[in-house]
Structure formats: structure tokens, C-alpha cells
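Both complexes below contain chain A, partnered by chain B and then by chain C.
And then the complex of A and B:
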């Protein structure tokens, strides 16, 4: 009975593709984008929340940007429910590591564990792949600040700056031009917000739709800061968006 | 009855062990190396019956290797100590039983900080600057406490180890003629015979 469905999710097409994985990527590209930028001084993760209604309850902490451990953050693009499962797994894996080694889990090790799960569903029958792409940003003592992206196939890559989700092509080509290795955290923030706005339809986005987290290091500790709505608005204005002139 | 003792200096650690292996009233060997080199900058001195000692040090050594190859990095000192402790802790209430041996882990991290850890078969872990396993403790802890001061240089450290060896040879009932001493610095692990 389930053989009918097996063939669809986990079989190669004649031209060597996994359709379900590609369809999952399609699903992700319809959801709110996420941008990550790596600088010498720290990292920026920013994202667009898609449905913002007055009726929605205000979340206490970030909605789309998750803290996995004190040294790792991630942003999700794609199916939120799928993501929640993997986020929970990641949090558990990070603590299990801490239980044995009494140390922060190195970033890449955590990502490999998540990617192994994603890969499983591209190879074993009956279940669809996870419809999520993540950006992971964090710090470990061996490799410093790192930015990784993962996709439904279970592949991951390390980046200096990247975008996932809606209109990521536009954002990525913008990042390619504007990103420089010696950016300060503030300059990186400007680059990130400009890239994010590129993925949106408007040049005066509502600050309530944007979530930004800055990750930096103070001594040996990783610290993070979530920008308030007022700070997001100030940032947008500083970069030429949301000006009175434009809103005519 | 293995003697393992160790001291931490400014930028190095020294772990020493006796070389004798006994069986009933026989001395089988007098130059057995009971300090396993775990990697370029870490050593583990293990005290216990022959099989348990070998088994445990091999087990730890190979698992650490696996971690090194899987992740691309060797673990740091604190992580290694906690990893070993975890293995002891898992084993103590397991079906197969505890690892019947105690150990001292010593090494120097990449940033040059030396550290020394005392572990026992129950899963205890303590960071120390000087210590011993086995009967050696009865004879040497006082001496080590007396002689130790912060930031010892290498010559001073070796002198203290020599005094410890002399003490064991003078006062311990079981004759232990040869001692293997491993000195771990940031760059190398040196072995001398005393």
C-alpha cells in the first residue's frame, strides 16, 4: 500500500533529480526570507515575518529567530511546524553535548546532526522531506563566528553572507556586490537590512514585520541583542527606507 | 599497586608512574608504561589491574581519535576530562560494571594553559595542580603540598618529581625501582626515565 507513496518521495527521476526535495525548496521560497551576514565583530541575522495582524498575540521573544544554545542562533525559512521539530532536536543535541563535555557544542557538529535527519527523509520511504531551510549563526572557540545554511536535501554550506526564502536570488546578488570582509558589525547590519528589503515588495516595510538579532562576543561569552521595533525603524530610515518622501 | 603522581607547572604538566607489574609474589615487569599518550598534548596515567588499565586507556584513546576524525578537531582539556568522567559515570551502574581503574589526565591546551585532572572509577572528577593515585597518595600528597608553588618552571617541577620518586623508593613497602615520567608542554611530550 505505502509503496505507491514511496516512489514519489525517495526515488530519482530519469534525469537524476529528487523531485520532492525540489518541491520542498519551492515551498521554502514562498515564505519570508532570512538573511545572515558575518563580520569580524559579530553576526547579523534578520528575517521578515509574513503574517502580522493586530489580532496576533505578541510573542515574548523572537518568533522566527531561535536561540539553540547560548552560542548558536538560527532563523527558519519554510514550514514553521517542520522547523519546530528540528529546532527542538537541535536544542536537545546541544545540551547532550554539554552534559558529556561541559562545553559549547561546535557549530558544525550540531548542523551535521540536523542535516543527517533531513537527509534521512530523502532516502527512506513513505515520508516527505522537511520543508525547512535554516540559517545557523554562532560562535565556537575553534572556528570563531560561523554562518551556515541548510536545505531540505540535508546539504549545508558555510557562508560569509547569504539569503534564503522569498526572493533570495535578488538578495544574494546584492550581498555578492555589497559584502566586504572587513565590515564592522554596524556596516554589516546596514548591508543586511538593505538585502532584506530587496526581498520585500515594498521599500517602506513595517518595522513590526522585521526581526533582527545581533550576535557578538564579550570576553569569552557570546551575547545577543534583538533590536526593538523602534531600533528597526531607525535602522530602516538610516538606510533610506520608510522616508516621509517615499510614503507620498 | 600502581603509583601515579603528577604536578602542574607554569606551562607544562608532569605525570609519573612506576614501572612494575606484579603477579602474586612475582614481579613480571619493571618498566611498564602506564601513561597513555592520548594526542599531541594530552596524556592519561591510569592505575589499576593490568587488564582494566589497558582496556580503559585504549577505550578512551580510540574514542578520542574517533571524535578527532569525525569533527576535525581534537577536544580541549576540559572537554576531554569531562568525556572521560562521563564514561566512568555511565559504567559504574551499568550491566557490565565499572571500569576498575583510576586515572590522572594531564595536558596543555592550544593557548598554552596547562591542566591536570584527577578521576576515579566512580565518576569523580577534580581539577588539581598536584595529586596522586594509588598508595602513592599516602606518601606524596604531603610532599607535593609542601613543595608546590604557583608557576613552577620546568627544572623545579622535575626536581619535585625526583623527590617524590625518592620518597616512594625509600618508604614504600613494594619496591619500585624504575619510574616513567612524561612531561607535556604546548609543543611536545617528552618521556624520561628516572
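And then the complex of A and C:
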């Protein structure tokens, strides 16, 4: 396509495309993938971290999975610095809603606020779009558990199961076959980890490169559990991976 | 009772003990001489080891509490840790000063336990912090604002009954006596009381009967 139309974000190409948005998607598809699965009992978010070096300091909290409010979690794919900005904004937006209405912000409302910002940078200012795609998982009392994905254009969609980032086509076709509506949380976890490994080059991934969060409800509260490295390894082995595992 | 701080009535008091701390409040919510409800919440649990009591104008009590929840939640999410009571005490002071020229009409008391040691702080409505005393009061049955009257005050009862290093049970009894004697003499406070006693293990809540007038 003509290179004339890919410099300014605010210009359409003759065949109706926004090149900068597509290039942002290219950036995202080079980074570690993220998978989300929705079940009746709760949700699973899992992701692959990129470079895990011995020299990196262990962070106390997750690198790619963020809590936005007590009832909403998200996984990031793409540029981490861009994501941090939007995560901070999302956290403030959720609290502002709570200040006004004394209620949890409905998941879709939060996503709309973030997507409106993403869309802004595809239409104004001559600045590049955000190079991030998110998966949002959360619970609100009107709509139950929900899973959404967002992309640099500011579009969002609700899913039962989806993948973003590296090799998401492979993961998505796997999910299309294996996902069933009546999965339990444990079954959903197995589906999610298999889909994640599909996006990787190896069938013996290092557990330290994988982050998994389970989101479920206990009474009125949403609770989350992050799997430890040992639990991730056990999960991998139970699904037929890592049979001669090297521990990091 | 003129004055914006006396409009809704209400009194609060906090006291330090040995590795424990207690806050007490009355339950009245009124509009000048009329009592509207007898179950108005003035003490809020911000965290397992932080209590925030607010006296003063009822609408500002609710709004200021919501604002503190907002700031505390964002702190937890961004810094990925709980807030220390002394940090929260500073947050209250700076949040009050943010409204230096259009203040919240509240008299806050922050009570917490930090590494086993009690933390107690009280403020004026624009954030002047006072955290050196062993007990603090706020509201209409204290000695503030009522310059035209010499009212028996909770302060007097506290001074009489306070001893250093009280146990949780003794602290509860002392604070209950202080609150009840102050509120019974104050037309704008009363209609029941609550004492919150915080120890390392838990927070107990005791309901007090005051004169029902």
C-alpha cells in the first residue's frame, strides 16, 4: 500500500484503513500473549512474560496482570509503558465512579472510558496510538462475570474465551474447538494453559515465564488467586507439558 | 445552637491504651433541635488497623469518608501495599488542607495500631494535626466551638478516668463512661453510643445506652 498514508495517524488510506493502528497491532503481536477464559464458576487470565533473566529483580507484584478495582482485573499485551498510563487512568476512573455512586463500576463502563482514550489518539493531535491491547475480566452484579478485549483502535468486544498478542491466531482456533459453555473453573484452567502453550515455541515452557490469575466469587466479594510457580508447574505437567522440566 | 459545626450535632472521642486503642461516638443525626435518626454512622473502618471517626456537618462526614476511601483504594492499587496508620493520619491532614479556603466542616479523629503501638490523631477542619495526647475529642459535647457556654465536656470525663496503659476492657469502660457523661449533658449528642476497641487481633464494638433525649 502507499507509504504516503501511514505517517499521520489521522489519515485514512484510499482503501479505508488507518495504517498507524495496524502498525500498533504489529507491535502488540510481537509481545507475549494473553489468554482469557470465562466459565460459570469464574474466570482465568493467563499470560506469558517476555524476557526472564536471572539478573532481573523479582517483583513483588505481577508484571502483566493488574488489579483495577476489587472486582476487575486486566492483562496487558503490547508496550508496557503505554499500558501503565492506561492502567493508572482506569484505576482513577473506577474510584471516581465509586465516589459518585458508592458502587462498583460496571465492567463495560470502565472499558468504554479506556477505549474512548485509545480512540482519541486515532483521530486527533497527530500523536501515535497506544500500542496496547488489554483483556479485562471482572464481575458486576447486573451482568455477572464478563471478559472483554480492547485494541489500539479503541474497539472492544465481549468474549467467552479469547487470546491476544503473539500467535493469537493459533490460540484462538484452539479455543474455538475446545471451549465449552459448561466448563468448571478447573477445566477452564486446563483449556487456558493449553491455549497459552500453543502460542509459545516450546512445549516445555518455564513456569517462571507464565502468570495465571483465577477470579471467582465468594459470597458478595470477588476474590482472586495468583498461582505460584509450583502450582503453574503442576498445572503444566498435568496437561502433558514439561515432562522433563527444568526449574528456574 | 448556631454554627455549622453544631447543626447536625454529634460527639466523638478516642483514647490510647496498652497496645490497644478505642474510639467512641454517639448515634444522633439531627437538624438543630430535631432528631432525624438514631443510627447515623460516624466511625468508619478504613482498614483492619485504621479507624476514622468524624464529627461535624453530616453531609461532610459522608463525603469526606468517601474521599478517604477513594484515596486509600488508589494507594493500595498503585503501591500494592496497605497504608500505615501514621501515613493515613497524614493523608487526612493534607486532604483537609486541599480545601483550605472552602473546608469540610468535620472534626476527624484517626485511630490505629502500628506495629502494636497505638496511633491517635485529631484535626481542626483545615488539617492542623494534633497527635501527642493520650485522648482526643471532637464534636459538640467536647469543648470546641461552644464559646458562649461552659459545658460539661467529654474532656473533663476523660481527664478524670484516664490512666496510662489501660487494658482493652478497661479502656472500653473508661471511654464508655466519658462518652455517656458528655453526651447526656449535651442536647445535640446522644441517642445511643458505640465504642470501638481495636487490638492486634480484632475490633470489638459495644453499644451504649445513653439518655434517650
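Heads up, the rule we're going with is that the second predicted complex is superposed on the first by the 237 of 248 C-alpha atoms of A that agree within 3 Å, B and C clash if a C-alpha of one lies under 4 Å from a C-alpha of the other, contacts with A are read in each partner's own complex, and residues count from 1 in each chain.
The criterion applied here is as follows: contacts are C-beta pairs under 8 Å (C-beta built on N, C-alpha and C of every residue); 3 or more make two chains touch, one makes a residue touch a chain.
Nothing here was measured: the structure is a model prediction, and the numbers come from that model.
Looking at the shared chain after the overlay, A:142 reaches chain B, while chain C stays out of its contact range. Looking at the shared chain after the overlay, A:84 reaches neither chain B nor chain C. Within the superposed three-chain model, A:184 lies out of touch with both chain B and chain C [touch as defined at top]. Looking at the shared chain after the overlay, A:102 reaches both chain B and chain C. By the touch criterion defined above, A:173 lies against neither chain B nor chain C after alignment on the C-alpha atoms of chain A. Chain A uses residues 99, 102 to touch chain B in one structure and chain C in the other.
Interface of chain A with chain B (complex): residues 99-103, 106, 108-109, 141-142. The touching residues of chain A, when paired with chain C in their complex, are 60-61, 67-69, 88, 91-92, 95-96, 98-99, 102.
For chain B in complex with chain A, the residues that touch the partner chain are 71-73, 75-76, 78-79, 82-83, 86.
For chain C in complex with chain A, the touching residues are 66-67, 69-70, 73-74, 77-78, 80.
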